[in-house]
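Both of the next two complexes hold subunit A, though its partner changes from subunit B to subunit C.
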Partner chain A sequence: MTRKLLSDYGMLFVLLLLCVLFSVLTLKEQTPEGSTAAARLVEQIDKEFKKSDIILTVGAVNKDSALLAEKLGEELEKKGFGNTKVVIGVPRDLRLKLDDISKKGDRLAAIVTSGDVTKWGVIEQIPEKYPELSGCKMLAPKSYIWPDFLKRSNLLAIVDRIVVIALIAIGMTMVIITAGIDLSVGSLIALSAVIGTLLMKKMGGLHAPGWVVLVGFLAGILSCGLVGALGGLVVARFKVAPFITTLGIMMMARGLAFMITGGFSIYQVPKALPWLGQGYSLGIPNTVVLLVVLYVLAHIFMAHTRMGRYIYAVGGNEEAARLSGVPVKFVIVFVYIISSLAAGLGGCIQASQLNTGTPNIGMMYELYVIAAVVVGGTSLSGGSGRILGTLIGAFIISVIQNGMNLLGIESYTQQVVLGAVILGAVLLDKARSSGGLIAFLQKKMNF
Partner chain B sequence: MNWKRIITWCVLGTVLVAFVSSCAKSPKYKGKIGVTCMDLTNPFFKLIANVMQEEAAKHGYEIVALSGELDPAKQNNQISDFVAQGYDAIFLNPVDSRAAGEGVKKAHEAGIPVFTYDVQVTDEEAKDMIVSHIGSDNYQGGLLAGESMMKVTGDQGRIAIITYPEVTSCILRINGFKDYLKKHNSKLVIVTELSGKGNRSDGYAVATDILTAHPDIVGIFAINDPSGLGAYSAVLKAGKTGQITIVAFDASPAGKQAVFERKLYDSPQQFPRKMARGTVEAFIKYLNGEDVPKKNFIPCAHYYYEDSVDDESRVTEQW
Partner chain C sequence: MTKEPKPNDTLLLEMRQIDKSFPGVHALKNVSMKLNRGEVLGLVGENGAGKSTLIKVLGGAHPPDAGKILIEGRLAHIPSPTAAQQAGVSIIYQEFNLIPDLTVTENIFLGREKTRMGLVRASEEHQKTLQLFKKIGISINPNARCNELTVAQQQTAEIAKALSVNAKIIVMDEPTATLTTQETERLFAIVRDLKSHGLGIIYISHRLDEIFEVADRAMVLRDGEHVGTEDTNNITREKLIEMMVGRPVESEFPKRTASPGLERLRVEDLCRGKAVRNVSFSAQAGEVLGFAGLVGAGRTETMRLIFGADRPDKGRIFIDGKQTNIRSPCDAIRNRICLLTEDRKGQGLVLIHSCRENFGLPNLDRFIRGLFLDQRKERKEFSGFVESLKIKTSSHEQLTMNLSGGNQQKVVLAKWLARNADIMIFDEPTRGIDVGTKYEIYLLMNRLADEGKTIIMISSELPEILGLSDRIIVMHEGRVKGEITDVANTTQEDILSMAIA
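After this line comes the complex of A and B, so read on.
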């Protein structure tokens, strides 16, 4: 069982390895939040200070430290510290408060803060600017170590950045299994986003009801499907190489997207637009739900339906497939339609994430999608490949990009690393299938 | 099983190196600032990122500069990563003035201050979340270009414009240029307006076609130096350097040299160093609790042959 899993999804281990690597590399001091940290601080203050002392709790707006400051304020008030003041805001707010305190001539006993507030220049400058306040103590909760990579918000960001590429990769996997390729998907993202948002704009724009968004999305997705059907027909009927056919569509779709918008972004969109790409259902981001549902459906389709098996048959040996009664032409048109529909859906998600329709989105995405499919173990020569492998491939790419950003690696270096990792991952996969790295090298290089 | 051992060692090695390098930070280290700009392969933005790095280091901050690679979605992902990492500030040069709004909202929700430079965010909700913006006054620069064009052509004849309508700052330059002509009742006729995509090769191609269709033009206004220099190559090839004057924009190192060689008549100057310093300054002011101006526009200046002769920055190939 494990051996089968290993041979089927060897890339899973590469992914896990990357996750472990980035977790270790992004270990950082984190400021604690919530009630336990507050309770401990209150205890400390209760011991060290008199009830009449002026205590200032400071939090940065919208950050964990804001919650802490608020909580502290409440707790201290309950304990009988009547002179507790709470400041939640930007550095300027703290300065105004300090000005106020020093103007009144009050003596400040302690400032309680956490995390980033301690880095504010205002705090550092207290001894110079407010010499009368210099006697005050600085208190902060104890910090702990946890990787940035494994923060909930970051894990969601990883899914967020890859959802478009991962969805399109479903269609691309099918196309590549038939030994084809679809270069048009990146441009179709833009076309779908632009058609969808333009329709929404025409149907009422900012004040349009939610169903208009649905109509816009459907229009975007279906027009992409139409383009895909045309492309598939050209490939299947006229035997034009898929590379050339989709290259042509890629250019036309991009040009159309620019023509439709005149080069500008469409931003008069309904308020409901961000729901798909940024919203939550039952506490789970919609993008995650969509990703899971579509991958499960695609997996079942490819592994357990007749049509799914036909796709493999066409890619394995087209002539043999034809002779055994597989409707080859239909299968080919079908996969290009699926691929384009997926790209259309990707465009809708992207428009929703960006809350705009922009004709220059999705540039180069076709290459990332192809990379995800190939890293996921699908052969470019067709006939073999797995949908779930593609998902893993997409995540490998996303994790690398996210990890490098977290580590602050420069953009130029990032490209080199990403390219090298893609190449390395595929080599490793080849090595695994020929029984180990050493054996693979010996065989290939005639050591 | 040998390769597993190799991988293990590789990973351990990387971890070790990373730990050592992260321990070797300067003692005054305070935090990180995330920078994401349109395109780091453009020397203008690269220079800004470098100057920001120098300036921020003086205050104990480290700059992480990423390139949006002209992809709004990519740029928003980079902002998300800055947010996840809990950076102290984000300096943003939006690829798309509207789409960047979503990233700004995310940063704002996480309490991270965002400063924009060069290009503004125009999203209705997000634009109020920006702490401060600093940029060139592109419209005023366009006025300068219009002034030069009228002067050099003697306000007589037909001219062409090489645009880049995908970028807001370039649209503003064109608007300024046209408004200047209109306001001064110019007799110049704009025969065509085509996109040179802001780079040399497309500028060359489009200028070649313009010369084919309108061989009688007397001037070309190109929205930046690369497309202006591309246009110069086309004019040179057509043997019309005496007939056609080119006004570009930016006064980049290459542009300054071209002005000196009299290939370009004028290239209204932008001040990227001031922009970079101003952004870092605004952030420090913000930390110190001082009042930060919401908007700060740096006026452009003419850059003529006379300016270029003794210009040290031209010789040293600096902005």
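After this line comes the complex of A and C, so read on.
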């Protein structure tokens, strides 16, 4: 069982390894933010101080500490600490406030800080410069060590970045398993987005009701499906190489997207448009829900239905499949339709994420999608591959990009690294399937 | 057991205690062999006995787990096919290694092009090829593209290629499988010629007649073990078969009592290009109808039309008296026709998929439950066939590419038997298959005919055609040349004279 898992999803281990690596590299002291940290501090203050005490909460402008300071101020006010003062700004603001208090001759009970504020020079110099205030207590939420990589906001960013590519990769996996390729998906993203948003604009624009968004999406997706059907027919019926067919479609679809909009973006879109790409259901982003549902469905489809088996058979040996009664042409048209529909849906998500329809979105996406599929262990020669492998492949790409961003690696270097990692991952996969890295190298170096 | 060991200078090749295992299979168990100069060693054994593995070890395709290879008394290290070639070993596989779109000359010099200043010297290559062809007495146009050649011509081109690299040891793996009788005779002449030049030849064949005709000694492998090596003058055919299968065998063909029923299939005026010209015939229920003829006579092409694999230019097909339009293999299968192709690897199986998946492919409509496949039912049914056909696999999930030829054919058989078709077309069903499995397939065909199915069998082996068919149709150059109803009183020569003239 583990053996099979390892051979089917060896890339999963690569993904986990990358996650561990980036987690270690981005380990940092983190200051708690948000309501739990605030609540805990309020509790502490409530216990140790009188309601009349003067309490200062300090936050640096535009930082997490500002949020906490404001939050604290509100909460303490509610509790009845009438002399709470909130200072948000630069160190000078704090100094002015301290001067003010010291002039009045008030007794300062506590200063609450967090994050960087704790290390401000003003605060360290209080005993020297304001001896009269030296009795005040310093309070700060407990900081802890946690990788930036594993922060909730970052994990969501990883998903957000890959969702369109991962979704389209479902269709691409099927196409590649039939030993085909679909280069048109990047352009279809744009085509779907502009068709969809244009229709929304015509049907009322900004003030159109929610169902108009749905109609727009459907129109975009179905137009792509139609394009896919045409492409599939050209491949299946006229035996034009998939590479050429979809290259042609790629150019045509991109051109059409620009023609339809005259090269401009469409901004007059309904307010409900961002729901799909930016909204949440039950605390989970809608895109994630969609991704999970579609991957589960696609996995079941490929592993447990007749059509799934036919797709593998066509890629494994088209002639043997045909002579076994597999409707080969239908299967080929089918996978190109699915791939195009997926690209269409990807376009809708992209439009929803950007809240606009733009004809130049999705450039080069086809290559990232193909990379995700191949890194996921699907062979370009057809006949083998796993849907869930593709999901892992997509995440490997996204995690690498994200990790490098966190580490502050510049974008040119990122391209080089990403390319190298894709190659390395595929080589590693080959090594694994031929009995381990060492055996692989021995065999290959012998020549 | 073997002859007196000859003086060492005649010893060309020695393989000592070769051992090789694959996951789940111990393919070779301490096998040793010797080959002398000017000797033809016949290598025989059932499918899966280890012949191919032994040859692949010699050819550098598989490194052995243990054992040594000595060529002319020197230890030879053969880690790759290139190394084998350098050591003087040339292997002519069943599947030719010729590149179809290149000419014969280009193929012969592939990887060793004669060049001057980086340019290929085509005329020099052409001359050398002609010399080579003259030497072994073959007449192929060196400028012909390999995909234009007949199988026999391709084979001679392979032999010429082997000779052009100064091979000392030539291995021929089932060289006559696709040859006609005349072509086989010509091949034997070449083999004898090579022998007289002092080359050592390892000759693998399932056709024992050939072993007795051309080989000096016969080496028998069974289940990866070396059972024995015998002088072909000192052993009988029966004894050799017994060594191969490990038990006495009574007859090569099962007894057959024909009881044809109603007409099931009638073909009228079927045409496609030059390959099939105005073919008409009919086949009854419960009958084995043999199709004889030379390779390229249009037999396979005719069957492909009936099965819908190709479209006919014209012609009608009647099934049970009703005209039926068959436009694709799907249509044919729906009309209860199945075709077991001659090219198992290219057309019969998806080699990179498992036995079970290959078995299921034409049967998935029966395994559907709701929207999904009932894989338990599929497994269960396949298990039945594994048992009844005695398919040797490590598991249902074993890839078909890792099976021996006979077991591959059994998987193909299983997938079509499960379809329970009324008209079963077998194209060269026993090509490259060992004696024991052959007999099982004959029995099976007999049984199917007795159950009332229509069996159409294409075979280039005349004894097989004569031994099994109730009726024989002979084809020549795309036409039906004649029909033989009195099979019992027909000789191989009768069929041959019809097939040639």
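Everything below uses one rule, namely that the second predicted complex is superposed on the first by the 351 of 447 C-alpha atoms of A that agree within 3 Å, B and C clash if a C-alpha of one lies under 4 Å from a C-alpha of the other, contacts with A are read in each partner's own complex, and residues count from 1 in each chain.
Convention: contacts are C-beta pairs under 8 Å (C-beta built on N, C-alpha and C of every residue); 3 or more make two chains touch, one makes a residue touch a chain.
Not measured: the values here are computed from a predicted model.
Participant: Answer with first, second, both or neither: which of subunit B and subunit C does A:Gly205 touch in the superposed model?
Facilitator: In the superposition, A:Gly205 contacts neither subunit B nor subunit C.
Participant: If you stack the two complexes on chain A, which partner ends up touching A:Thr305: first (subunit B), second (subunit C), both, or neither?
Facilitator: In the superposition, A:Thr305 contacts subunit C only.
Participant: Does subunit B (first) or subunit C (second) touch A:Pro285, or do both, or does neither?
Facilitator: neither
Participant: On the A-aligned overlay, A:Leu406 touches which partner chain: subunit B = first, subunit C = second, or both, or neither?
Facilitator: In the superposed model, A:Leu406 contacts subunit B only, not subunit C.
Participant: Scan A:Gly248 for contacts with subunit B and subunit C and give back first, second, both or neither.
Facilitator: The answer is neither, since A:Gly248 touches no partner chain.
Participant: Between subunit B (first) and subunit C (second), which does A:Lys119 come into contact with in this model arrangement: first, second, both, or neither?
Facilitator: A:Lys119 sits against subunit B, while subunit C stays out of touch.
Participant: For the three-chain arrangement built by superposition, which of subunit B and subunit C touches the greater number of subunit A residues?
Facilitator: B
Participant: Of the two partner chains, subunit B (first) and subunit C (second), which one does A:Ala313 touch, if any: first, second, both, or neither?
Facilitator: Touch partner of A:Ala313: subunit C, not subunit B.
Participant: Can you pull the subunit A residues that subunit B and subunit C both touch?
Facilitator: On subunit A, no residue contacts both subunit B in one structure and subunit C in the other.
Participant: Quick one: which bits of subunit C touch subunit A in the complex? Just the residue numbers, please.
Facilitator: Per the stated touch rule, the residues are 79-80, 82, 307, 309, 328-330, 332-333, 339, 341, 346-353, 357, 360-362, 364-365, 367-368, 371-373, 375, 415.
Participant: Show me the residue ranges of subunit A that touch subunit B in the complex, using the header's touch definition.
Facilitator: Those residues of subunit A that touch subunit B are 17, 20-21, 24-26, 60-63, 66, 90-96, 116, 119-122, 125, 148, 151, 153-154, 157, 160-161, 164, 262-265, 267, 274, 278, 350, 353-356, 358, 360-364, 401-402, 405-408, 410-412, 414, 431, 436-438.
Participant: Which subunit B residues qualify as touching subunit A in the complex?
Facilitator: For subunit B paired with subunit A, touching residues are 1-3, 6-7, 11, 14-15, 18, 30-32, 40, 62, 64-67, 69-73, 76-78, 80-86, 88, 96-99, 101-102, 108-111, 113, 123, 131, 165-166, 284, 286-291.
Participant: Where on subunit A does subunit C make contact in their complex?
Facilitator: Result: residues 300, 304-306, 309-310, 312-313, 316-317, 319-327, 383-384, 446-447 of subunit A touch subunit C.
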